[in-house]
């Protein structure tokens, strides 16, 4: 984990509220499912913002983010050549080394981007990856998954693209050895319950408000079956059976 | 007085710490010696910053500013096309209509730019204008005065350019009907004292920390011989004989 | 467009067309901001802080910016109650909204005399600023100890025939006890908070920035503390409470009203954005619509 | 390069190589930040807030950003005094700077037992956090009323063999009286301020953000108030005072020391800039040089 200065090489609007930023920085040590604390300001915002690694490449990192508040709005103003601060990689990431066989990645909304690096890593490890991507209305990042996935399932709430409804409607956990999920809590809860029913291992990547991002402030602690855990350090990825929601 | 959105068309560094910004806005109603409250931020800085009109033209205003703190630093980041907020014109300005004959403008540091529009206005009114411009080391804005001035005197503290020493050393108030001055308080005090000695009318343009800039908060009040006065509204230009320094 | 959302509120029997009031000391007598927009669109305006006799205020630096806030040490510069009655009231009357006279004092007698005079004048409400240092008690402000505040409010209540708002200082030892004491003493409404006692040092000069050493902190920085105090007071008193402190946006207004405030005051934000009064009002109507609020009074105190 | 400026200070007989101390609760036990820089460069580190027994802390949202600040409601999650003595101390010892154990409690007995245990351990100083709600007095914090604080400090003083810092809450009714009471009760030093009680409301949910309704405000927003309190306390007490509250820069450090502080703590700034400790230290040496300060002790209390 390091505190780096990166340089923005691309910062592009993908949909109404989704942006993707490419940051050149050294060294890139991120693994699938990890995140960075980012800031593109000095002290105008007190805290850095946790954003997951969308894609990690030699000498650069990609982040995909939704503009929801002041911090992400400011990030959207970044231009090529601007500096950005990165603290990370933070968190545990998905345990890709331990995963074998057939895997389903189930993502919803801005829970989709973190699964992209995961798809790549697993595919390269010889795992068969299917992606289940649930959107509100407009798609993003789909083409980034394609190289790594065997089957891809898409849903939108009103059926603008792909299946009309929730992505969990399409999932059959019993077809998989492991299910990895990231997205809204309701979605992940549903996925976890479906997996539990079929005794399929399921990992969930949680969101929580964070201050330090590195385990020092206990601002992101949650109650789990093995006691209090820090989402930023002990997570963000947890075995679904550990969670108490 | 209006609250306007202007568009930056030029923002250029002149010396180490002096910048000039050209702002397109409508309407331009500024008179010589007036100022605007400026901001190029939302709420990151609480207050707007008072900056004098350097040059007023059809559809645009020029400001020349020294980067001294956070607000002016932020202003220096402005780029062509950026929006900037302007509240003004504020203050009384120099009473140019009432000035006849021969006038000396005595400026020091960032007190120099506000005298430029004044020189133009007076010259166009048929007044003979001499400029006395005192710099620390590096000159700026000199060429902007040239078209309007009969004689120009320049000083720097260590003699890098022009006379070595203080600009007040060169001034002979008795040669003028009126002296207008703007700059560091010590300089203006000296000018006022010299004028008093020769019974020459002297106007000083004061600086004071401001919150509202329009006369509502009394944050900029000073004690004068005719009671408390607001620098932003009753000033910034005062007859030297009114001042109690 | 606006008719679908009711923004009108009532404070101590006085109707306001909306809950936005310009805060004392930040808005003069309204005429400067009236050059920029029709300040009559606000629910009401608090006059700059008056004292019985005219005051010059403090020497030296009077305003200073801080992180998301500012400090001031204006020191109640004002023309005095008499001059206000003679010319200030007429000036403010033409705006057509609720006219609140804000009055401070350095002794019990000043408060009582000033309140008596203002009661006979054409103001709508009197806002009593009890943050002023009390000359008799060695400069300790009236607004620190509940007993002292209770006494001055009781005395003013006796002579005051206008709806009486008491404006509380966040420097009070116990804001809830202070509120209860003022209510007991006859306040028709409370407003809070005034500025927080704070300090800044000029490290180059190695001296305090302000001649008086301490000065008052206001602005967005204090909003979370102000909101807590308003919430705590609203839970305990029966009189209406006007929320003040770092309110910059329509969202902030809703927070204070959900915390129990009857209305709010906008202070420092006027310096950041001279059109704040009008813009927050426009945003408030829109925000209510978006949040499905048809009457602003329906969300009061839900938290 | 650095030898020309003396930054070392002494607090209650304990030498610090410089006046920067990591504030409790913002720095864990130091090891996370040690991955980023050698935290041994700081003068000292305060452990996260300990309680006699392990605590899970609060449920729900625990941190929330505000204008130039943040609120937290961590609720003293910690492994308990025993576990700290067993493993935490050894972890902190290897940094080679002053090791301060910060301890809170919800009853007098907890404070005394905890202080007894920590006195027998290898810590350098004990910082007593008296902001915790007192279960016996209906949840009112120990740090509000001077009499209550005096009692708990006196009891801890009896058993405490380490230099004892008492950390004051800015929510105290009267910060100076509180400081004097703690000094009387035997504190070797005071540190202030802890967080300000504050509130935030989620207007969409129409509910307070925090399960506990109120939470603690920290960061740059509170600096001017914290500085005033430190100044006021330094003028009245004889024991050394550690300044805390919104200190982000070397300039801020000088302000607090000029106000009279012996040393300072850095809290929220660590979240804004994880290298803040080291960077403020570097800047401080440079700033002193620029201001012609050869010994940081020479400017203490000049304001």
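Some points to look at:
Per-chain numbering from 1; labels A, B, C and D assigned in written order.
Definition applied: a residue touches a chain if its C-beta (ideal position, glycine included) is under 8 Å from a C-beta of that chain, and two chains touch if they have at least 3 such contacts.
Fair warning: this is a prediction, and the values are worked out from it, not measured in the lab.
Fewest steps needed to get from subunit A to subunit C, stepping only to touching chains, is 2. The chain with its C-alpha centre at the largest distance from the centre of subunit C is A.
Centre-to-centre spacing of subunit A and subunit B amounts to 54 Å, using the average Cα coordinate of each chain. Per-chain Cα centroids separate subunit B from subunit D by 47 Å. Annotation: 36 Å between the Cα-based centres of subunit A and subunit D. Chain centres here are Cα means. That of subunit C falls 34 Å from that of subunit D. For subunit C, the set of residues that touch two or more other chains comprises 66-69, 219-220.
For subunit A, residues touching at least two other chains, in rising order: 43. By the touch criterion given at the top, residues 1-3, 39, 43, 45-48, 87, 209-212, 214-221, 223, 227-228, 233 of subunit A touch subunit D in their complex.
The part of subunit D that touches subunit A in the complex is made up of residues 25-28, 32-33, 35-36, 48, 56-57, 59, 61-66, 68-70, 72, 74, 77, 219-220, 248, 268, 270-272, 274-275. On the subunit C side of its complex with subunit D, the touching residues are 66-69, 71, 173-174, 196-201, 203-204, 206-208, 213-214, 217, 219-225, 227-228, 231, 246, 251, 254-255, 258-259, 291, 299, 302-303.
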